[in-house]
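The first chain written gets the first letter, and so on, giving A, B, C and D; residue counts start at 1 in each chain.
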Amino acid sequence: MSGNSIGKLFTVTTSGESHGPALLAIVDGCPPGLELSEADLQIDLDRRKPGTSRHTTQRREADEVKILSGVFEGKTTGCPIGLMIENTDQRSKDYSKIAESFRPGHADYTYQHKYGFRDYRGGGRSSARETAMRVAAGAIAKKYLFQEHCVLVRGYLSQLGPIKIDAFDWNEIPNNPFFCPDAGKVEEMEKYIDALRKEGESIGAKIEVIASNVPPGLGEPIFDRLDAELAYALMSINAVKGVEIGDGFECIDTKGTKFRDEITPEGFLSNHAGGILGGISSGQDIIARIALKPTSSLRLPGRSINSKGEVIEVVTEGRHDPCVGIRATPIAEAMVAIVLMDHLLRHRAQNLHVNSGLPILR
Amino acid sequence: MSGNSIGKLFTVTTSGESHGPALLAIVDGCPPGLELSEADLQIDLDRRKPGTSRHTTQRREADEVKILSGVFEGKTTGCPIGLMIENTDQRSKDYSKIAESFRPGHADYTYQHKYGFRDYRGGGRSSARETAMRVAAGAIAKKYLFQEHCVLVRGYLSQLGPIKIDAFDWNEIPNNPFFCPDAGKVEEMEKYIDALRKEGESIGAKIEVIASNVPPGLGEPIFDRLDAELAYALMSINAVKGVEIGDGFECIDTKGTKFRDEITPEGFLSNHAGGILGGISSGQDIIARIALKPTSSLRLPGRSINSKGEVIEVVTEGRHDPCVGIRATPIAEAMVAIVLMDHLLRHRAQNLHVNSGLPILR
Amino acid sequence: MSGNSIGKLFTVTTSGESHGPALLAIVDGCPPGLELSEADLQIDLDRRKPGTSRHTTQRREADEVKILSGVFEGKTTGCPIGLMIENTDQRSKDYSKIAESFRPGHADYTYQHKYGFRDYRGGGRSSARETAMRVAAGAIAKKYLFQEHCVLVRGYLSQLGPIKIDAFDWNEIPNNPFFCPDAGKVEEMEKYIDALRKEGESIGAKIEVIASNVPPGLGEPIFDRLDAELAYALMSINAVKGVEIGDGFECIDTKGTKFRDEITPEGFLSNHAGGILGGISSGQDIIARIALKPTSSLRLPGRSINSKGEVIEVVTEGRHDPCVGIRATPIAEAMVAIVLMDHLLRHRAQNLHVNSGLPILR
Amino acid sequence: MSGNSIGKLFTVTTSGESHGPALLAIVDGCPPGLELSEADLQIDLDRRKPGTSRHTTQRREADEVKILSGVFEGKTTGCPIGLMIENTDQRSKDYSKIAESFRPGHADYTYQHKYGFRDYRGGGRSSARETAMRVAAGAIAKKYLFQEHCVLVRGYLSQLGPIKIDAFDWNEIPNNPFFCPDAGKVEEMEKYIDALRKEGESIGAKIEVIASNVPPGLGEPIFDRLDAELAYALMSINAVKGVEIGDGFECIDTKGTKFRDEITPEGFLSNHAGGILGGISSGQDIIARIALKPTSSLRLPGRSINSKGEVIEVVTEGRHDPCVGIRATPIAEAMVAIVLMDHLLRHRAQNLHVNSGLPILR
């Protein structure tokens, strides 16, 4: 399959550029009978939506999704679900000047190399705008997972530049524009981002996603392991440079007796593995973490070349997120949900009659 | 496709368990005309082979690969290449006692949940034994990439438990059993591993792979990005818990002006991105890093349950690597080579006539 | 991948029901730089469009396609091409009565079995309406194939019920509503269809597609042969019950000396094989033939059961084609073009440097 | 995926040439817990095996299959099943003379065009030898389908050249070398083939496969329909030039009232559709039919060219089937079983909780 599809049985295919008429997604493989309406998708789309706080790009997009097929009388039919989001606020003039230049840290140069030709308006296909459709498709997976197995896929921002969270409360996350679970850090983050914006700078962030109540057995060794496909899905998000499962890089300097999660009839005694053993879900929480790089679209000039290979200086005006991580939480949740959904279906296909007789340990 | 295949155009499918008669691989999609012999594959297989130093499992496997198809008169024909490695040293008795028990940190419990039944001998399919075929298939990709574009895919161990390298010399790597490029650290590593072994403990490691001379343009946005598929391929290796591209998690606390790699007509001024922009190779070195967890097979007893759900104590005798990272370098190289090979072919298919007119910057 | 995608490198994914808001297609994998506008797609859409003659359903659909992405400044960018056709003339009331009944010969019964729930309006996803998007996507493939290799993909109706063609002239095809290349048979066909319609009956048809100037080498043995994928693509069209390549079923009673197409330096002496040997194109014309069954939507009552399993009598009012074969020619052309396009790209990927030194024989 | 794999969830990947060391297959996706031994595969392999009667090639192959993985303690584990058949009777000298010549009607010319280089020994990958692995893999699918749903996949020869069967008895099929269900025609067929062999000629054949007790609901519209994938799988068999489902080409001159299979609470009143409606199994017998062309390997000289493009005369010595259709029945059964198996698994994944409340009609 070409590069714009993800998932083998729950297959999400998307199209659309930052400044084209519309974004599309075809979500193929959703089981029939799931109650679904545009409102179910809109919740997460609104969480991702730009322009909702002063800390994100001021581009104003309604991000209103339309369901064009696959749902009848309020329920999925098992046929592909067609989705459309029209682009409304496209200020293409902002971008015309970069038609011939390559913004450092952006995909302009590589798209030009690959395709010899590119839609430069707002980065075209390489714009984060594309992630809106990931969120819409992910919302379908999230709803199904919750209905079927009470699986909860939830994310939060665990670090913004130098600021790490100390406290944790799921209920705090909706109360601030950062998806930060530590109320005590919000003001610090706001000040930090305000300063960055004045400076014309940007910064990175760390996001963690936790999936609870995941049934054991999901994941297809040896290549399509659950952790491998989570890494694929999360690394495919714009600006992501690293992915961790469970303790991630901390495992390097940890000894085996500490790292191996011991098991008792009452449950596991720890979860260093992040809920995945041998590529298969164990029933414990799935824990995934990503690092997002700082935006490269800056007011501060950067050295580059143009399509003639000449030296130029790039200054990005226009409306940009000083930290793409701020809006990335719903996107990361969506990717985790899409992978879990796909693996839930794959698992069913081959293991319908399996009864391990084992308890489900958390 | 089911879970035991990787790659869309250069497709590697494997089978085989730790203690079954043989491992197989079918490598489908290698272009015709590549000179190939078993010796080309054996070089990397020998680098991965167990029992070559006192620091790895003492299981003795010849790991002799046979080419059973797809090569005629010393050249690939374009038809699938069939590979077989027979298992010779299988001490199944070592494992019989774990038939009913779940080793903590292993896939025993999850395989039992998924399949309701498992080949417990040496971990069956979940054993690291399976990686031999990744190495054999990767060697084909490596050779083709080098012949076609002088692409060099090389890895090394950058950290063993607490020991980080300070110096770097590609030429030192073959001179020690750790794939360590810092001669000054080898003795320290040897002492550390000897101590671990006495202790009955294990430890994690960090491996870095660098691919040089990669042509720009490889990678298929927006899901099948080069970095996303590298993350998938690397995370699919046993014991890997984290993947980084370029600066990876360091990007979180880095500012945009520093992170964005500026461009001059003479080349890029830095490579924080690790040679990938917007999911597409830029022509710079591809830099990928993985974290490997400590082995869970330990002499020191661990708490667990058996298949009846009863409390047991697990002690793993038998022959195990105190640090799986020691032998992981050729495996990581192989996975990177397989992904690059697949994307080289995918890129050609759609961009045959593209001439961006751009210089190739490194 | 789920069932609504076709093609590995030139991948067409569609969604949409007969009476939903719109049909969508995402065409992923079209090389960059192809000049493309909606007009290029509209030509074939208009050839398939219902209501253009008294011999087809009187449903009136503009079938106006919108390109929503993947084309910039009149050229394809290499990014996925998003297409939409809005449904305008949906007389759902015509269908409400069949909500609970299963029309014999239709997919109502099997959809109900599979999904337990269905969009009954006009057959929902199983309606021939879906083929509009095949035609739109196929038009892209056709244009590329012609630009790159002067490949011409052309079809015609070779039999309508009992009426077989005697004469053949490509130029006659656009002059009648049947895609019939034999002007002498058109009046007979018109009378036959008029009589059928009065009778309330329907009839089958045979369509032949010929692709000329196909480069030799297309097709991936041993499963993804060119003929195998043509059979798949053509059999996936509604109402198709048979597929032939070259002489097809005639080969059964033909002797080997007659069937094997002998070769001379000037070219092949015959084309019984239909341009494919060992699953790979030979350079001769690709010849494919399909049989389409008679429509099952009839005014004449048919016995069936309802969703309660009770005996009912089904009478289909509404607007239906007495012969679906009449409009099937552009659909069959589209499917052949999509397969050829996909295999052209697949062939390039692996055989870039191949020079067989052989002449191209026709 | 490259061309040597078939099936999305039940995935069969094969390798091997006519005169290489061995044929391999990796069967990925078989559910765990199926009792399986080499004997289960050998039954069908022996039915296909050459040299069992004077009417087929005298090449003597034991066709002994070895299971190298995926089966433990007599049961499948859910991990990939590795299969190997060693080639024993390879008389490569028979073929050396054709190294530079292209046998008319064979794949020599197209392989040379595609790959620029070929394994000419016995046709290499394009040899019917490859079908042995289809049969071995198909036997696994057949056994699972029968165990799970009492699905019976059975085929027979319905026409040999001009000789059509009149009577039908499943029990007669194993009693003759033709898989002919009409005892009264066997002698005529034997005489016909003897005469052909003397003449140095070959002839085509027609094979029909019937699958009984297929659960309703299998098939994934709109491209991966059950009939479309059957057409793909059957057309991928060497020498197949046509595929029919149900009445196939007869539907062209049949009226709608006759063709649509009416439904009663006791069952369908006919099965013109061949058990598939809208691409989904109805529960009725699946009926598929193929046409196989006459062998092109003949003692009688044929005109061709060599790799220099010069005129040559080709005479094929060596051991060949005068009618490849004679041994094709088990191969056709295998392909149908593989497709049904794949679709059974795909259906489960998405429709686990579906209860249509409908009776299963036959």
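Everything below uses one rule, namely that a contact is a pair of C-beta atoms (placed from the backbone, for glycine too) under 8 Å apart; a residue touches a chain by one contact, two chains touch by 3 or more.
Chain labels with UniProt names: A, B, C, D = Chorismate synthase.
This structure is a prediction, so every number in the text was calculated from the model and none was measured.
In the Cα superposition of chain C onto chain D, the rotation angle, rounded to steps of 5, is 180 degrees. Greatest centre-to-centre distance from chain C is found for B, with centres as Cα means.
Looking at A-B alongside A-C, one finds more C-beta pairs in contact between the chains of A-B. One finds 26 Å separating the Cα centroids of chain A and chain B. Our note on geometry: chain A versus chain D, Cα centroid distance of 45 Å, whole angstroms. If you average the CA atoms of chain A and of chain C, the two centres end up 38 Å from each other. Residue positions 1-5, 8-9, 14, 29, 32-33, 78-79, 114-116, 125, 221, 346, 351, 354 of chain D each touch two or more of the other chains.
Contact residues on chain D toward chain B in their complex (touch as defined above): 1-5, 8-11, 13-17, 20-24, 26, 28-29, 32-33, 66, 68-70, 72, 75, 77-82, 84, 114-119, 121, 124-125. Within the complex formed with chain B, the residues of chain C that make contact are 8-9, 29-33, 78-79, 221, 345-346, 348-354.
Only residues 1-6, 8, 14, 102, 104-107, 109-116, 125-126, 130, 159, 161-162, 201-206, 216-217, 219-225, 227-236, 238, 240-257, 259-265, 269, 272-274, 276-283, 291-296, 298, 300, 302-305, 307, 309-311, 346-347, 351, 354-359 of chain B touch chain A when the two sit together in their complex.
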